[in-house]
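Naming follows writing order (A, B, C, D and E), and every chain is counted from residue 1.
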Amino acid sequence: MLLWMLILLPAIAGGLCYLIPSDDERIVKMFGILVAVATIVLAVVTRNAEVSARWLSRPFEANFHFGATPISFWIVLLLTISTASAVLATKGPRQRGLIALLLLLEASMLAVFLARDLLVFALGWDLMLIPVFFCLVQWSEHAQTAWRYFLYNFAGGLTLLLATAAFGMHVGTTDVIGRSDVHVIGSWAPWILAGFAFAFLVKTPVWPLHTWMPATYTDLPPPMVAVVSAVQSKAGLYGFIAIGMAFLPDYMKQYAGIFIVLGAISLLYGALVALMQTDAKRVVAYSSLSHLGLIVVAVFAFNAVALQGAVVYIVAHGLFSAAIFLLLGYVEEREATRSLLQLGGLGADNPRLAGALCIAALAALGLPGLAGFVGEIVIVTGIFQAGMVWPAIVALVAIVLAAAYVVRLFQGLMNGPGVPDLPVRRDLTWIEGLAVAPLLAALVVVGIDPKPLLSFDTSAYAVSAHGAPVASARISR
Amino acid sequence: MNPTPFGHADWAAIVPPAIICLAALLVLFVDLVSRECVNRYVAISIGLLGALAAAWITVGQYGHNYSAFAGGFVTGGFTSVFEGIVLIALAGSLILYGAIGRDDRIAGAVALMMWSAAGAMLMAGAANLMTIFLGLELLSLALYCLCGLSDRPGAKESALKYLILSSTASGFLLFGMAMLFGASGSVMLADLVNPALLATPLFWFGGGFFLIGLAFKLSLVPFHSWAPDVYEGAPLPVTAFMSVATKAGTLAVFARFLYAALPNGSGHTLMLPIWVVAGISMIVGNVGMLAQHDLKRLLGYSGIAQAGYILTSLAGATALGLRYAIYYLAAYTLMNLGAFAVAAALSTDGEEGSLLVNYRGLARRRPVLAAAMTLFLLALAGMPPTAGFLGKILILASSVNAGYAWMAGLLILGTAISLYAYAKVIRAMYEPHSVATHDARPVTPLAWLSLTVCAVVVVAMTFYPITPSDVLPLVK
Amino acid sequence: MSGALPVAIGNYLGLSTAIFFIGVAGVLLRRNPLVMLMSIELMWNAANLLFLAYARVWLNNAGHIFAFLVITVAAAEAAIGLAIIVTVFRTRANVDVDEVHALRG
Amino acid sequence: MHYPLLLAIWLLPLAGAILCWFLGPQLKGAAGWLACAMLGLSFVATMLSWSSGTQHVAGHEGAHQLLGSWLPGFDFGLLLDPLSLIWATIITGVGFLIHLYSVGYMHGDRAFARFFAYMNFFVFAMLTLVLSDNFIGLLVGWGLVGLASYFLIGFWFDRPSAVAAARKAFVINVVGDVGIMLAIFILFANLHSLSFADVFAGVGSLSTGTLLAVCAFLFVGAAAKSAQVPLHTWLPDAMEGPTPVSALIHAATMVTAGVYLIARCAPLWSHSSGAQLLVGTIGGLTALAGAILGTAQWDIKRILAYSTMSQIGYMIMGVGVGAYQGGVAHFFTHAFFKAQLFLASGLVIHALANEQDVRRMGGLAKKLPFAFVAMGTGVLAICGIPPFSGFFSKDQVIYGTLAHGHPWLYAVGILTAGITAYYMCRLLFVTFFGEYRGDVDPSYLGIRHPELAGTAAHEAAPSTHDHAPAWIMSVPVGILIVPTITIGFLMAGGDRSWWSRFFAAQFPAGHVPATAISELQTTLIVLAVVVAGIGIAVWRYATRTAQDDAVERLRAESVHMPAILSNAFYFDAALDMLFVRSSQLLGTFFGRTLDPQVIDGAVREAAWSAGKLGTIVRWFQTGLLRTYAFLIVVGAACFIAYYALAGGMH
Amino acid sequence: MTALWWLIAIVLIATAVWTISASKPVYSVVALLAHFLALAVSYIMLSAEFLGVIQIVIYVGAILVLFVFVIALLSSGVASFSVGPNRMKKGVWPAGIAVAVAFGLMTWKLAGVVASPKVGGSLSTVPGTAGAFGSVADFGKALFTTYLLPFEITAFVLMVAVIGVILLAGDRSVHDPSPKRAALVRREMREAILRGGEE
C-alpha cells in the first residue's frame, strides 16, 4: 500500500501543483518539498515491500508489479533525495511548472526503477521523457535541443518497446525483473538484446549516440538537469544490469566486445572533450559521458567486483553530478554566465559555494574518501580482474584527464583573480546550501562506508567471482 | 405462404442502424415543422439520443450471435463492438456540430451524418457482398454531401475529389465483388471458404479488386492521396467522423473477410499486398505529417499511418491480433475525436481552429485545452500513459508472434518519424512565447463532457485494457 | 429464355474487363468531371455485366438483385455527383478538374 | 589486535581540520592554536605508542587496528610498525613545529583559519598514508595528500601562477595515483587481497614479469609524489605556496611518501632485481639532475626545492637498490634539516617583505643572525659535514649503492654530494655574505623581469600588519637545530647502531658481499668531494674580491646562464608538448569538429533526409484529382500484377 | 445468337471508347446512351429481361437526362467547357501504360477461364427455379424475401441522395473566388486561348 503511495504521490502531487490556487509560488514550493521529503521516507520504508496488480494476461502476462530490488533501492533513494534537492533549489518566476515537472519526472522514474515488470519498465521509460521534453520546450533557448532529446530517446524507447513485446511473446510473461530463473535463448534473443541495448545506450548515453546529451544538459534548468543527469541517465545502466545481465547473459557476453569498445571510447572521448569546453555545464555533461562509459565497461566485464563497483558508481555519479549541476545553477543565476572564460575568483567571496563545489568536484575526479573513488577503484579492479587490461588502462588515462578538467572547471570558477565586472556576489543562502547538503553528505558517507551498496548478491547475475567471465549454464525459463 | 421469411429476430438484429436511420428522419421532420429552422442543439440532441438508444441495443446484442436476413446481417460480439465504435464516433462528431456549421443546414448535416453512421454499422454486421456494398455506399454518399456542406474554401473541392476517387475505388470493389460472385456463385462471404476457389484466377483477381476497394477506404498508400485533401477541406465534424467511422466500418468488413471468408491457406498469399501497403503507409503517412500546417491535414496523414498500425495487428490473422486491432481502433477513435474536439473548441464563427499557427502558446491561453490536446497527440504517437502506448505494445506483440516482425519494424520506424510531427504541435502549444490570436468562444458543457470522456477513457484504457475476448468465435 | 449462354463465359469476362479498363482510362485521361463521372458509370456497368453473366452461369438470381442495387446506387451517386460538380464549377470559368487544386501538399 | 590510540593519532588532526574549517570565522586567531594543539596531542600519542609500535606479537610486528571492510579483499586497518612509527613521528613532530611557526608566519592572513584547516587535513592525510595496513588505504592517503598539497600550493588562489602550479601538481600526482592503482589491480587480480600482509606473503607466487610490472607501476606513483625524473616538474612550481607549506609538505613529509612506499614494499623490491635497477637509476638521475639544476636557481625557495628533489633522489636510490635503512635514515635526517632550511628561508623572506631572489639579498648575516645560524647548520647538515646529521645518513646511502652492486650509482652519489655542497654554500654565501643588495636596481643584477621578481607582495604582508611575537617563529627553528646537529648519532655505529637494531625486524639484513671500497674509504672520498664543492663555492662567492664585485658577478652569471639550465633541461616543455598539448588538440578536435559536425551532423543529415522524404510525399500530393487517380491505378496495377503472378501458384 | 453477341460486344467497346474520347460532353452522353442500350440488349440475352428494362428506364431515362441537364446548366456559363492548361501532361503515358499492363495481365490470366468453373456454388439456397430464372416474378420474389435487407437499405441510399442534393443545391452562398484567384483563372484562360484550344 505504501508502495502504491510512493509511486502515485508524486504523480498526483505534480498535477496538483498546477491546481493550487494561490499565486504565491512559495506555497507551491513548500508543497513540493513536503511531497519530495515524503517520497524519501516512503522509499526507505518500502525497501522490502512489493505490490502487484494484474495488467495483461494476454498476449503475455504483465502486472503492475512494483518493488525495489537490492540494486534499484539505492537508485530510488538517489532519485528521491535528488528530487528533494532539486525542488528545494528551484527558483524564479516559473517555479510552479518546474516543481510540477520535477514531481512528475520523479513519479515516472520511480515507475522505471521500482518496476518488477518489463512492460511497466517500458511504460515508465517512455513516460519519463515527457516532463523533460516539456521542460526543454519551455526553458530552452534552442529549438534543436528539445528535438534531439526527444527523438533520440524516443527512438530508444521504441526499440525498447519492440524488444519488450518480443520478450513477452517469447517468455510468456514480462513480470520477471528480479527473477533469476528466466533466460532468453534462441534466434530471437540477439534481436531482443539489440532492441534493449539501443535504448539503453541512447539513454546512458554512449558514444556515438550522445550528441543529444550536452545540449540537453546545457539547456535544462539546473534543478531539472540535476535530476536528469543524476538518475535518468542511470536508467540505461540499470537496464543493462537488471534486464540484460539477468535475462540475456549469453548474448550480452557474446557481443560484449562491442559495448566495451563503445564504453571505452565514451570514457576517453568524453574526458578529452570535457578538457576543452568553456561552458561549465558542457564540461560536466561530457564528463558524464566519460563516467558513464566506465560503468558500461564495468557491466560488460561480467565480473562480480566490477558489478558491485558499478552500482556504487551509479549512485556516486548521481550524487556528484546532481550537486555540481545545482551549484553551477547557483553560479549562473548569480553571474548570468557559465563561461569559464568570463568567470573566475568566486571563491574569495563565496567560500561556502566554493567549498560545496569543491567537494562535489573532487568526488567527480575520484578523490579517495569520496564516493566516486570507491566506484572507480572497485570497478577498475574488477575490470582488470576480468582480464580486460586495455579498458582498465583507458579508464586510468581518463582518471588523469578527469583530474585535469575537473580542476580546470573548479579553478576557472572559483580561483584566479576576481573578475571585477561580474555582478554583486552573494554566498550560498541557507536554503541553497540545504539543497546540496544531503548530496554532499551522502558522497562522504558512501565514500567512507560503501558496504551497504556493495553487499548485494551478485549471483543473480551471470558474473564470475574471480577472473575471466564464465559461460552461463542456465537455460531459459 | 409467409410473404417474408424473416421473423422477429431478424428485425431485432438491425435495430441499431434502424434507430439511427429513423432518428435522422426525425431530425428532418422536426426541422420541417420548426418555424424557421431547428435549433442546432435540438438536432444534435435527437442524434445523440438516437445514438444512445442504438448503443443500448448494441450492448444488449453483444454475445448474441444471430445471422439475420439469410446471412445479410449477423449480430454478435464482433458486430456489436464495431457498431459501438461507430456510435462513439457518431456521438463525438455530432457534438462538434455544436460549435461549427450554419444553422440552416444543421438538420440536414446531422441527418446525413447519422445515415452515414448507419452505413458503417451495416458494414459492421454485413456478411454478404450486397450489404457490404450498400453499407459502404450509404456511408460514402452521405459523406460526399457532408464534405460539400460548408462555405469554407476547399469544402466543395474536397467533396468533388472524394466523390470521383471514391466512386472509382467503388468501381474496383464492385468489379471485385462481381468476380468473387463469378468464382463462388454466391454473394455470401461464408461461401468463399472453399479451397477449390484457389484454383481459379477469378478468385484471386476478385479478392484483389475487393481489397483495392477496401484499401482505398482505409487510405492505404498508394490509395491514400484523397485523405489529406478531403480531411482538410471537409468541415471539422465531418473530418472527425470520417476519420474514424470510415475506418471502423471498412475494418469490420476487412476483418470479416480476412477471418471468415478466406479459403484455408490462402491468407498469406492473398493478403500480402495489403500488408505491404500497410507497411508503406506507416512510413509515408508519418513522413507526410512532417511539414503540415493544418491539424486536420496532419491528422489525415496520421490516419494513413494509423490504419497501417491496425493492419499490422491483423497481419497473420491471429485471434489475438483481431482483439488488439479492435482495442487500438477503439483507442484511436477516442484520441482522434478528442483531438478534433479540442480543435472545435478553438473554432470561431469564421474559422475552424485547425490551423497549427493558432496553437502557438496555447498552454498560456487555454491550459486545459492544451493539456488535453497534448494527451491526445501523445496517444496518437504511442506515448504513455495513454492507450496508444499499450495499443502499440499489443500490436507489436501480435505481429511479432504472427511472424510479421518486419511490419513491427516498420511500425517502430514510422512511429519514430511521427513523433516529430506530433511533438511539433505540442511544442508549439507550450512555447513560452505566445502568439496573440483570435479568442475562441467558450467551450460548451457538452464539448467539455466529450473531451473529458475521451481523455479519461484514453488513459484508463491503458491500465484496464479491456479487449473483447469473444470476438473471434462470433466473426463467422 | 433459359437457353445456354450465347458465348463462352470467358468472353463475357474479357468484354467486361475491357469496358472496365476503358472506364479507368477515362477517369485517368479526361479532365472534364462530367466525362469522369460517365467513365465511372462505365466501370460500374462493366461489373453489372459480369454479375448478370455469372448469375446466368450459376443460375443464381442474386446477381440480378446485385445489379439492380448497383443501378439504384449509381443513380443516387450520379445525382449527388452532378450536384457537387455543379456547385464546384458553376462559378468557375473552366469545367476542368485540373483547375481544382487548392488543397494539396 | 586492537590499538585504539592509533585512532587518536590518526583522527585528531582531522578533527582539527574540521573544526578550523567550520568554525574558522568564530575562531579567528585561535584556529592556529587549535590546530597546533590537535597536532601536539597527536604527537604525544605517537610518542606514547613507541613501545607498541615496536612490539612483536604472534609473528606480527607493531600495533594494529581494524577499521572495516568494503568487499572481500578490500579490508581496512591501521598499522603502526617501526617504519610507520618513524614517519608518524616526523609527521606529527616536525609538523607540530611547523604549525607553530605558521602561527607567526601566517599571522594576519585573511584565510588564517582555512590555512590551518588545510594543514591539519594534510597531516591527517599523510597519517592515513603511512598508517594504513593495505594498498587501498595507502592510495586513499596518497590521493588525499595530493589534495592537501593542491589546496596549499594554491592557497593564495587569486594569484594565477599559484593556481597553475596547484593544478600542475595535482594532475601529476593523479598520474602517480593511477600508477599505484594499476599496481593494485595487478596485485588484486593475482592475489585477491590488498592488505600488506597478504600481498607480501604471496609475493613468491608472482612471476618475475608481474612483479616487475607491479614495482614499476608503484614507482610511477612514488616518482610523481617524490618528484623523481621525469615527473618532478611540479615541485619547483609548488613553491608558490606559503613557506611553511614548502617546509612541511614539499620538503619534510609528503614528497618522501615515495620513499615510504618503496620501503614499505621492500618485500616486493627485494624479489625484483629489475625493479631495483630501475628505481635506483631513476633515483640517481634525479639526485644528479636536481643538484645540477640547483646550481642555476636564484629563487631561495626554488634552490631548496631542487635540493629537496636531489635529496629525495638519494633516498629513492637508497631504498631502490635495497639499502632501505640508509634511505629511510636519510629521510629521517633530511626531514629535520630541510624543514629547518625552509623555515630559515621563511624567516629571511618574512623579514624582507617577501623578497625571494637571492641576488637581491646579501649581507644578511649581520641583520638576521638567527636566521644565518639556522641556515648555516642546515647547510652543513645537507653537505654532510660531520658530525651534522646529514653526514651519517648520506654516507649510508652512498655506500649502500656500492654494497648492493651499483658502482655507477655510487659514483653518481659521490658526484652529487660535491655539487650539493657547492650550490648550498652558494645559497648561503650569496644570501648572507657581502653587502645587502636589496636597494640595487634589479636590472643591474641581471634579473630579467624585475617586475616579476620575487613572488610579489601577496604573502601575508607582514610589514604592514602588526607582527606576531618573533619567538613563535624562532622557537621552532631553534628546536629543529638540535636534531639537525645531533640526530645522526642514532645511525652511527654500522650494524650495531640503534638505527640498525630498530629496523632489524623490518628490513632483515641480507647477505652483503664485500666491496672494493670500504665504508670508511667511502666516507673519506665523499668528504673530499664535499670539501672541493665548498671550496669552489667559497672561491666564487665568498672571497673578498668576489664579494666586492658581487653585483657584477651575479649579473654575469645570470646573463650567461646556459639555456638548458635555465629551462630546467626542458622537462616542462617536453611534458607539455607530449601530453598536455596533444590532449588539448584532441579535445578541441573532438569537441569542435567531430562531435558537432560529424556525429551530430550525421544525425542531422538523417533528420534532414526524413524532412526531404516529407517533401517527396508532399510532391505527390499535387492537389490534382487525376494525380490521385493515377496513383490509385498504379497501385491497382501493382496489385493486379501480383495476383496475376501469385494467383496461379497452387 | 453468337453473332449477335459479337455485334453487341463490338458496339459496347466502341461506344465505351467513344464515351471517353468524345471532344464534347454531349457526345459522350450520346455514346453512353448507345452503350447502355447495347448493354440492355446483352442483359436480355442473359435471361435478365427485367434488368434490361430497368437499365433503360433508370440509366437512360433518369441518369443520362440528368447529365444533359447539367451540361446545359454549365454550358450557360462564360465559356462552355473551355479547358484550362493540362497540369498532368507527363502523367498521360504512365497512366496509359499502367492501365494497359493491368488489363493485359488480367486478360492473360483470365483467358484460362473459358467455361463455367467447376466449383460448387450453394445452388440449393438459391430461390427460384431454372424455368423462371430472370423473370420479373422470380426477381421480385428474391428481392422482397431473401434480399429484403439490401432493398431496405437502398431506400436510405436514395434518401441520402435526395436530402444531399437538396442541401448542396439549396446552398445559397456562392463561393466567390478571391480577386487574386479570379485573376489567375483569367490568365489561365487567356493562355489556353492563345495555345489554340488544345483538346
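To be clear about the criterion, contacts are C-beta pairs under 8 Å (C-beta built on N, C-alpha and C of every residue); 3 or more make two chains touch, one makes a residue touch a chain.
Just so you know, these numbers come straight off a predicted model, no measurement behind them.
Under the contact definition, subunit A and subunit B share the contacting chains D. Counting only chains that touch, the fewest steps needed to get from subunit C to subunit E is 1.
Ranked by how close its C-alpha mean sits to the mean of all protein C-alpha atoms, the top chain is A. Taking B-D and A-D together, the chain pair joined by more C-beta contacts is A-D. Between the CA-based centres of subunit A and subunit E the separation comes to 68 Å, rounded to the whole angstrom. The centroid of the Cα atoms in subunit D and the matching centroid in subunit E are 99 Å apart.
One inter-chain figure worth recording: subunit B and subunit E are separated by 28 Å, centre to centre, where each centre is the mean of the chain's CA atoms. Centre-to-centre separation of subunit C and subunit D, using mean CA positions: 97 Å. Contact of a single residue of subunit C with at least two other chains is seen at positions 9, 13, 23-24, 27-28, 31, 37, 48, 53, 55, 57-58, 60, 62, 65, 69, 73, 76-77, 80, 84-85, 87, 97-98, 100-105.
Residue positions of subunit E with contacts to 2 or more other chains are 87-88, 91, 95, 99, 102, 106, 109-110, 112-113, 121, 123, 146-147, 150, 154, 157, 160-161, 164-165, 168, 171, 175.
The residues of subunit A that reach two or more other chains are 147, 151, listed in rising order.
Here the chains touching each other pair up as A-B, A-D, B-C, B-D, B-E, C-D, C-E, D-E.
Put simply, subunit C touches subunit B in their complex at residues 9, 13, 16, 20, 23-24, 27, 33, 36-37, 40, 43-44, 46-48, 50-51, 53-55, 57-58, 60, 62-63, 65-66, 69-70, 73, 76-77, 80-81, 84-85, 87-88, 97, 100-105. Residues 1-2, 4-6, 9, 12-13, 16-17, 19-20, 22, 25, 28-29, 32, 35-36, 39, 42-51, 54-55, 58-59, 62-63, 66-67, 69-71, 73-74, 77-88, 91-92, 95-96, 99, 102-103, 106-107, 110-116, 121, 123, 126-128, 130-131, 133-134, 138-139, 142-143, 146-147, 150-151, 154, 157-158, 160-161, 164-165, 168-169, 171, 174-177, 185-186, 188-189, 192, 199 of subunit E are the ones touching subunit C in the complex.
Against subunit D, the residues of subunit E that register as touching in their complex are 87-88, 91, 94-95, 98-99, 101-102, 105-106, 108-109.
Considering their complex, residues 320, 323-324, 367, 378, 382-385, 389, 392-394, 396-398, 400-401, 405, 408-409, 412, 415-416, 419-420, 423, 426-427, 430-432, 462-463, 465, 467 of subunit B touch subunit A. Interface residues of subunit C, counted against subunit E in their complex, comprise 1-3, 5-11, 13-15, 17-19, 21-26, 28-32, 34-35, 37-39, 41-42, 45, 48-49, 52-53, 55-62, 64-65, 67-69, 71-80, 82-87, 89-96, 98-99, 101.
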